[in-house]
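In what follows, chain A forms one complex with chain B and a second complex with chain C.
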Partner chain A sequence: MALLTVENLRTTFRTDDGPVCAVDGVSLTVDAGQVLGIVGESGCGKSAMSLSIMGLLPDSATVEGSIQLGEHQLVGMPKSELRTLRGSEVAMIFQDPMTSLNPVMTIGWQLEEAVRLHQKVSRREARALAVAGLAAVGIPSPEDRLKTYPHELSGGMRQRVMIAMALLNRPRLLIADEPTTALDVTTQAQILELMRDLRSEVDAAIVLITHDLGVVAEVCDEVAVMYAGRIVERAPVDELFARPQHPYTWGLLASLPGRNRAGERLHQIAGSPPSLMNPPAGCRFAPRCAMAMDVCRADPAPVLAAVAGSDTVVACHLDAPTRAREGARVASGEESA
Partner chain B sequence: MATVEEFQDMQVDGMVVARTPLQLAVARLRHDYVALCSLLFIALLVVFAFAGSLFESWTNHPVNKSNSSGVDDYTLLPVGPLGGCSNGLASVGEPNCFVLGASNSLGYDMLVQLSYGARTSLTIGVVATILTVAAALLLGVVAGYVGGWTDTTIARLMDIVAAFPFLLFAVAASVAFGPSLWFVILIIAFFSWFYPGRIFRGEVLALRDREFVTAARMLGASNTRIVLRHLLPQLIGPVTVYASLSIAGAIAAEAALSYLGFGLPLEIPSWGRMISDAVPGGLYINAPFLMVFPGTLLILTVLAFNLLGDGLRDALDPRGGTQN
Partner chain C sequence: MIRFLIRRILGGAFVVLVVTLAVFVLFGPVLTWKSNISPARLYAGKNPSPQQIESVKALLGLDQPYYVQYAYSLRRLVLGPTQEERDRVCPGSTAAECDQLLGRFGSSFAKQRSVDSLIWSRFPVTLSLAIVSALIWLLISIPIGVLSAIRPRSLLDRSSTVFVLVGQSLPVYYFGLLAIYFLAYKYELFPLSGYQNFALSNPWPWLYHLLLPSTVLALQFAAIYVRITRSQMLDTLNEDYVRTARAKGASESRVVVRHALRNASLPIVTMFGLDLGLLLGGAILIEVTFGLQGLGALAVEAAKRLDVPTTAGIVLFSAILIVVANIVVDVVCATLDPRIRLE
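This part shows the complex of A and B:
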């Protein structure tokens, strides 16, 4: 049975200009020990979805649908109960390690606090767990590091500390919201390697949110492509790169740099994501899609449907042969239509 | 912006050692001579204030007691060149002369009155500041952290208190409640909390949405814990700075009230009242030190706390503020 089952998740923000539906009917499942990547442009609802799962959204947001984590139903759970789950059952790693550690407290203080929030242990035991946690994420001489302040550590080190902190209480679900975006490329590679190593060790389900398809290829088992608050394609990682099915996925893949086109301008998807306050009818990608047909611009929107002969599901009106042909073209590195 | 000395401080056996924020602040403060002088002055003032009973037994002039030998029977002016010292500094120990050798028009011993006045000023400054900062922290942090209607209500309350004319209200209330030490402390605290309160509110507002707060929440920390263990420690800097500035403000406010003759009961010596005692009949023209001594002490004290506050601000938050 899946560890995390999200069904028909709708997250709506109340704003001065009216409600904004940042996540619109998302369903997904993640198993223990599996890494699910969620990709998409900025503003397509990736972070809103992860914060919905964590219950960390401001009061102006309403979450509907179902988020089943193990035996816990997170939607509608009282705040106090949700708090006991945070940090113990589900933890999160943030984008910017520079700002997600308290600047005036030592690393040790923060790690020990994380332990003692959920485990009834003595200070000494908490310290030992903190040291073990730091050692597990590959920080040298962890005892000495306990006394340091965040500003004394490099970005990569801080992200390691954040990961250690998130894993201290052995969560069953780890959400990583662009954990490598703020790091330089070398450090990124190290952190990704760390996450790959940890994944087999801790046996937690990991949801990795990113807009970097390179990161997805490195660590994920399965990928969900999000656009304008909806999942448009979900596929095992090899499938996604070998046989991408959705025009938006093609666009993302084509815009990766370094695909046999040195010196050329990078491909870009024309236009920008629609306003979620007043999204277009039908397929939300239709206004930017080169292959959009009349049926795409009219309700109802296409629903996720299995692609014959693979584990991929896609929400697109295009017929299977066209998708296969165009997908293959993009996958081989040619410019898409 | 570390100075050469600061870098030298960092070097221990040729290694750069990491230091805590407190160590950094102390290191910066150590090179701020203005702040250090202020601190020294304040320390001396505290000693001076505690020495009151010592001065009493030394000069044999009890506090708040007229010494007829210090006043000319005919003119009713303090006798001697400094306005009361008949024999100069040489005759220390003689019952009618003392070190600074001035007494006010009632024949009070000036040195003793100044010492007890320092005690009054420091007491009011410190106690009023503790109340001010406590109220400012409570209301400022709650407003900044909770937000929404709570914030609006508290912010408007701050505006209302800020709009009150302090002296007018204090004088009227003093007449209504009668003079007392606690009344002065409370009225000063009541009219001071809104200013640091706004500052703390702003600080918390800025800190509240920082990622490390979300990270703490992600780990399952409650709101109470976030405020007490994560946000309050960040406010140590501003609290220290505004406490220092608030002591200066409270001392000046007390002096102003006492000068006007309101607030403190007559048996509590006060610099402000000493100054006002020198005014009737142009006493200060013949005996200028009646005004000069308490006036100078008052100015220096307020200045010292203000400069210390500035120095602390520079030391704790080197980004902004004055260069020195």
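This part shows the complex of A and C:
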């Protein structure tokens, strides 16, 4: 059985201009030991989804649907109960390590707090766990690091501390929200390597949120592509890169720098994402899709359906041969439609 | 931290030095030149003869060039009066008697006393008033500010906005008189005026006499502090590390108190230190309204009587208090936020 099962998740924000549905009917599952990547551009609802799972959304947001984590149903769970799960059953790593640690507390204090919020241990034991946690993420002389403040560490070191803190209570689910976006390229590589190593050590399910397909290719087992609050394609990582099915995925893949010939402009998807306040009818990608047909612009929107002969599901009205042909072209590095 | 402290103290000493120079120039040459006030004439009493004035000049050292006078006053401020000065001003009296007449800040023209003894006799009143009202305004404003920030636009938040507006708009003397009329005169809940010395065995009379003036003074400050606390907390609660604390599973009260409040407190501490330093130099309006014989009231008396040394002494004393308050604020901030120690 899957560790995390999200079904038909809808997250709506009340705003002064009316409700905004940031996540619109998302379903996904993650098994223990598996890494699910969630890709999409800014504002597609990836972060809103992860915060829905964590229960960290402001009061102006309502979450509907079902989030089943092991034996716990997180939707509708009382806040106090949800709090006991946060940091123990499910932990989160955030985007910007420079601002995600409390600047006026030592690293040691923050790590020990994370331990003692969920485990009944003495300060000495909490300290020992903190040291072990720092050592596990490859921080040299962890004993000394406990006394330092966040501003005394580099960005990469801080992200390691964040990861160590998230893993201290052996969570069953780890959500990483763009953990490498704010880091420079060499540090990114180190953090990704660390996450790959940890994957095999801790038997947690990992949800990795990113807009970087390179990151997905390196660490994920499965990928879900999100667009305007919905999942448009979900596939095992090799499948996605070898046989992408959705026009939006093609656009993303074609935009990767390495895939173009030198000196050429990078591919870009024309237009910009729709407003979630007033999303277009039918397929939300239709207004930007070069292959859109009349049926795409009309309700009901296409639903996720299995692609014959693979583990991929895709929400697209295009017929299978067309998708296979175009997908193959993009995968081989040619300019997409 | 030690180096930080030493640097701050040296900086503070320099500021005090500049202030002494400014005070000397303003209350010495400038005063004589602009308004024809001669200290010697004031000191000598009514209708003095030229000989009397000359002897007073010699007594006070006013016949010396200005830079010598400044050097003497500076030495007196730092080291206290010299034996030679004691012999000149109060010949034949003991050191203790002479201290009543001549101090580091000089001698009052209006009373046969040293400015030091005048200041130290009034300072406890001002200090008590400042401490009690500071406690009151912090106890009122920090909880209200924090709660308003946690629930913005709630009923509490909106009523606290009204409170802030009222508190800031009502002048102390008006609000103070209202309070005296209703609470002290009509319903006799508090004494009309006056001050009782603090006694450790029974601090109640002291507190009883201070409650009304302190509260009136505190309300005005509380208004401002509610505002800053609220806005600082609102900013801090949106910080990423606050979200991290929640993601760790910390309770909301822990998030607010342990993670947010300490980060939000820096500007509050800074302002508090400066306000307290300012208040210790005398809260003129409140002291006069409530008949408290504090430094502020002394300053008013001295200014009315053209008691130049006393006025100058109070100015200098207040300036030193503000400098000290600044240093204390810096140290407290550096303790609260490790990043400040780095510079």
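Criterion: the second predicted complex is superposed on the first by the 336 of 337 C-alpha atoms of A that agree within 3 Å, B and C clash if a C-alpha of one lies under 4 Å from a C-alpha of the other, contacts with A are read in each partner's own complex, and residues count from 1 in each chain.
Going forward, a residue touches a chain if its C-beta (ideal position, glycine included) is under 8 Å from a C-beta of that chain, and two chains touch if they have at least 3 such contacts.
Just so it is clear, the model here is predicted, and its values are computed rather than measured.
Record, for the superposition on chain A, whether partners chain B and chain C clash or fit.
On the shared chain A, the partners clash.
Per the contact definition in the header, classify A:A114: touching chain B only (first), chain C only (second), both, or neither.
both
Between chain B (first) and chain C (second), which, if any, makes contact with A:L56: first, second, both or neither?
both
Identify the partner contact of A:S275: answer first if only chain B is touched, second if only chain C is, both if each is, neither if none is.
neither
Quick one: is A:L85 in contact with chain B, with chain C, with both, or with neither? Answer first, second, both or neither.
both
Considering only the stretches 8-16, 26-34 or 62-70 of chain C, report the one that runs into chain B.
Stretch 8-16 of chain C has C-alpha atoms clashing with chain B.
Following superposition on chain A, which residues of chain A contact chain B and also contact chain C?
54, 56, 83-88, 91-92, 94, 96, 99-105, 113-114, 117-118, 149, 162, 165
Can you list the residues on chain A that touch chain C in the complex?
Chain A reaches chain C through residues 54, 56, 83-88, 91-92, 94, 96, 99-105, 113-114, 117-118, 149, 151, 162, 165.
In their shared complex, at which residues does chain B touch chain A?
Residue positions touching the partner: 18, 20-21, 210-212, 214-222, 225, 229-230, 233-234.
Where on chain A does chain B make contact in their complex?
Within the complex, chain A touches chain B at residues 54, 56, 83-88, 91-92, 94, 96, 99-105, 113-114, 117-118, 148-149, 152, 162, 165-166.
Mind listing the chain C positions that touch chain A in their complex?
Residue positions touching the partner: 239-241, 243-251, 259, 262-263, 336-339, 342.
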